[in-house]
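See below for the structure under consideration.
Chain nomenclature is as follows: A, B, C, D, E and F, assigned in order of appearance, with residue numbering initiated at 1 for each chain independently.
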Amino acid sequence: MSGFFAMGGYAGSVWPAMALTFGIIAWNVVAARRSLAAARAAARRRISMEDAP
Amino acid sequence: MDWTWFHRFGSPPHLYGLARRLTPWFAWPAALLIAIGLYGGLVLAPPDYQQGDGFRIIYVHAPSAWLSLMAYTWMAVAAAIGLVWRMKAAHAAAASCAPIGAWFTVAALGTGMLWGKPMWGTYWAWDPRLTAELVLLFLYLGYIGLRSAIEDPQRADRTSAVLAIVGVVNVPIVRYSVEWWNSIHQAPSVMKFGKPSISWPMLTPLLIMFIGFTLLFVALLLVRLRGEILRRERRAQWVAEVVTE
Amino acid sequence: MSGVWHCAQLVIGRDLRLAFRNRAQLLHPLLFFGIVTTLFPLALSPEPSRLRDVAPGVLWVGALLASLLAIEFLFREDAQDGTLEQYALSGRSLTWLLFAKTVSHWLLSGLPLALASPVVAYGLAVSPGAMPGIVASVALGTIALSLLGAVSAGLTLGIKRGGALLSLLTLPLAVPLLIFGAQATARAIAGADMSAPMYFLAACAVLGITLAPLAAAAAVRISLE
Amino acid sequence: MSVHRLTGEALHVFRGERHVLRGVSFAAQGGEYLEVTGRNGAGKTSLLRTIVGLVHAESGRIEWNGLDIHRDARAFHAQVAFLGHESPLKADLTAMENLHFAIGIRRTIDATEIARALGETGAGGFADRPVRTLSAGQRRRVALAGVVLAAAPLWVLDEPATHLDADGHALVGRLVERHRASGGIVIAAVHAPLPVAEPGTRHLGLTSS
Amino acid sequence: MSGVWHCAQLVIGRDLRLAFRNRAQLLHPLLFFGIVTTLFPLALSPEPSRLRDVAPGVLWVGALLASLLAIEFLFREDAQDGTLEQYALSGRSLTWLLFAKTVSHWLLSGLPLALASPVVAYGLAVSPGAMPGIVASVALGTIALSLLGAVSAGLTLGIKRGGALLSLLTLPLAVPLLIFGAQATARAIAGADMSAPMYFLAACAVLGITLAPLAAAAAVRISLE
Amino acid sequence: MSVHRLTGEALHVFRGERHVLRGVSFAAQGGEYLEVTGRNGAGKTSLLRTIVGLVHAESGRIEWNGLDIHRDARAFHAQVAFLGHESPLKADLTAMENLHFAIGIRRTIDATEIARALGETGAGGFADRPVRTLSAGQRRRVALAGVVLAAAPLWVLDEPATHLDADGHALVGRLVERHRASGGIVIAAVHAPLPVAEPGTRHLGLTSS
């Protein structure tokens, strides 16, 4: 197992690359959902504004 | 020719509903394929005879690089459709592509740099492909910057569409010119891209990753698209129904 | 109704007159070019052979930046004081009016830069034989740069402090021009055949003349909304 | 020549998030003056900019002589003279030069005609000074001369009398009267009514939303 | 009466808030720096050894131009919308208020430039060992540049399109900074002792802090007339 | 506290080559309103800018409480609130933020005070919107709130009611009245007289040279 993590001496490159990529993927998932949630919240705010006189 | 399908497809409420229904159909397969590809790439594939285990970066680097280019093309096509047919949904799609594409450009640059260190002995070199990718990042940043600098969404849509189209003309020109530039000045040979002679056990996980990343892109696009549609259609009645339900 | 040529003449005449009234503006691109290219030898070493090596790069980066700074002013002022609004409402083709504006920009920046480039090149230890080639390449390259700049300027019009964006938008687009321009200059210095990069620059200029004014007009119209 | 006619129907205009005009309609024809009034923020400027096509209405339509103004925008614009809150003048050019270049694009014009218009708007005395050295009201007068010179049937003026003295106020009234008399249409947003005769004047009051 | 520190805090706070509200502006100096330094390798050759040779020059010319462009905006906007007039009439020391403005300029341009310079230097094939020295020299040099820029910006305020004059006035004054800054960087790259040029840069910064705000205030006051 | 007093004596002001003010004198003391009138180009703006010290007079002197204003300019400026033709506002900041930063330099101030002043000038409804999205008159109201908040005994206002509607015009009158009542001095250049009571009002008519 430790051989797997050592990546034949390339651990210093391979794991940061993986971390970077999957970090970016995770962030993109979060950011996409947040952007949708923000748009929904804005629309809802707007509707409550319209309802008010 | 009957164009009603086109307009129905482009109608925001329809597209919004479609995007919502389709998202899981892309998201889950994407997660699955990426997991499989990763296992195949990191565990099953044998080490490269030249690069050892270092080559495994390819499983995230190549798909990211591919996504960065694909997202730009989609963005420009969507922008052109939006500009020509004045279709809000297309502008919304273009707007959704940009941040995703920019992030994967960063991923491609980052993983490439991390790969370059053991392979070439440096993180960065002025190789044509690298330079073109860097210019692509600048283009994305310009597009996003322009869009965020204009408050009115309609204006932002149409202005940035002009830029996306001008930029897409430019991408191949940059690629070609950078290549030519570099071939004039002899580049140190270590910095050449060695196209790894690739075997099936290595290639299969890569192909799976490509498909997984593409599906992931579509899933991300669909989620962002919904947000962008809501922003543009916030005055419409159907939005009220959608967000209060 | 006055003809389209007369219109273009008026637009160009006005820009030129404004420039001559405000000498500083007229000299700006030139000064900037001169200063940037002077800073380099100062910051680097004054050895002629090394200077000659970097000459194409210094010359072209200087010309690019000078041209960009100038075009930002050209459009921004007209936007601020409402002139562009009046152009858009003049009942004339905005594309044509903006093309005329781009021509005046080139006359006020590209042309002087091209004419001044031998002086700068001489300061970078380039031999006199290379000068005609350098002038020709700078003149041709700046045409395309002006056109490109007009598009970016149009895109960033509505934006406060668009200058930041302007450079961000233009510079990636200008990369091919820079590479081929510098290459043409390098060949001129080396005494080699410079037709290939020159053809490329010419192609860019032609492409620019046909497309850039359209894109600029579209952008300006949107930004006036 | 038939009588010009400008109509707006059920205009809805948004500025950013704000629903500024909610179903505004109006009509004016050759020889009429349409006075747009309303409190600060009522939407006067937004309406005028929509009329000349600088702002797009979300819904509703504006027609000039029966044609949508966005159909052949260029032909429509050739018939409009627009003056906004700010006077579109180059500070470094003189009044004469400013008008020479600005109007020359629309139509052939010579110096005597410009000088006459400047005289009419009380700007004759400083026609040859760079605009940067003029006072606020003097600049406005130069801009008004530009409107006169445009020779367009439709005038769209946003608070034309800003910075003008009492004489200037009366002058704007006279200019409007004259333009009406020659079959033109004037639309102006004002806070203090212009001295214009009531017959042939229409009123459009905007209420803040 | 609120204290002078509170005043400075307000001036700086306002500039920072404006910058953060307008991201493009915040990124401008950085992007400009990044792009200019990317253009150089494109216009020159991509060979690491040649890039390393020109690195100090490219780095410093890039930083200088980025810093200057930023300061022009910083003052011009405040002049146009009447903010500087209000500062002059605030009953506070204009010198002090302008000093605070210069600090915000440095925070928004010099500091980010210094922090980004290792990235740029790496692209120019500089080895990582040289980075701390490069960051220190750029940080110190940009302090003096910001102060110098404030004076020139003040002098050119009253002038439309002062940009031309601004560069003309500032660049000659900036030449010593450029020479010593580039020297410090070159020494950092060569691994040599860089204390002599650093002392010079520090002296310039100290001189600037004592004199520049006074000169800037005098210049602004004149230009408001 | 003694009564404030501002006097100008035999002021001669040049703008460029132009001899704009030829021996203008005036005086005003606490509780008075000095109305400056004159045709376009008469020199109103030049006079006001001379009074606050932004323009230097060729000859003559201006005294605040018996001291030349250039003697201790900073102390004098702390006592003046100046509003020119343009409203000094940052388009990217909200009305609240604008005043927070602008007034905070002069004196300590908190949000409720700013909100109250904005409410008084009819700008309460858009205090939290970026100024770029405000109409011309709305911006002017924000600028007026700034004058109120400066808490300076001397107000120097150049056409304060520009772009304001009828209500706004009345509002300016009320603000002037209140400031006078609290012992302040108001100097304003106007074209249409402000609704201010005649007792305690002085008139200074400038004639074009």
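List of remarks:
In this section, contacts are C-beta pairs under 8 Å (C-beta built on N, C-alpha and C of every residue); 3 or more make two chains touch, one makes a residue touch a chain.
Here the structure is a predicted model, which is why all the values come from computation and not from measurement.
Common neighbours of subunit A and subunit C, by the contact definition above: B.
Across C-D and A-B, the chain pair carrying more C-beta contacts is A-B. When subunit D is fitted to subunit F on its Cα atoms, the angle of the rotation, on a 0 to 180 scale and to the nearest 5, is 180 degrees. Centroids of subunit B and subunit D (each the mean of its C-alpha atoms) stand 48 Å apart. Subunit B and subunit E have Cα centroids lying 36 Å from one another. Centroids built from CA atoms put subunit F at 53 Å from subunit A.
Residue positions 138, 141, 145, 149, 152, 154, 178, 181 of subunit B each touch two or more of the other chains.
Shared contact sites, meaning residues of subunit C that touch two or more other chains, fall at 22, 77, 159-160, 164-165, 168, 171-172, 175, 179, 225.
Contact with two or more other chains is made by residues 91-92 of subunit F. On the subunit B side of its complex with subunit E, the touching residues are 122-127, 131, 134, 138, 141, 145, 148-149, 178, 181-182, 185, 187-188.
Within the complex formed with subunit B, the subunit C residues making contact are 151, 155-156, 158-159, 162, 164-165, 168-169, 171-173, 175-176, 179-180, 183, 200, 215, 218-219, 222-223, 225.
Residue ranges on subunit C touching subunit D, taken from their complex, read 1-2, 6-7, 10-11, 13-14, 17-18, 21-22, 77, 81-83, 85-93, 97, 224-225.
Looking at the complex, you find that subunit D touches subunit C at residues 52-56, 74-80, 82, 84, 86-93, 97, 100-102, 104-108, 130.
If you check the complex, the residues on subunit D that touch subunit F are 15-16, 18, 38-41, 44-45, 85, 122, 126, 133-138, 140-141, 159, 162-169, 191-192.
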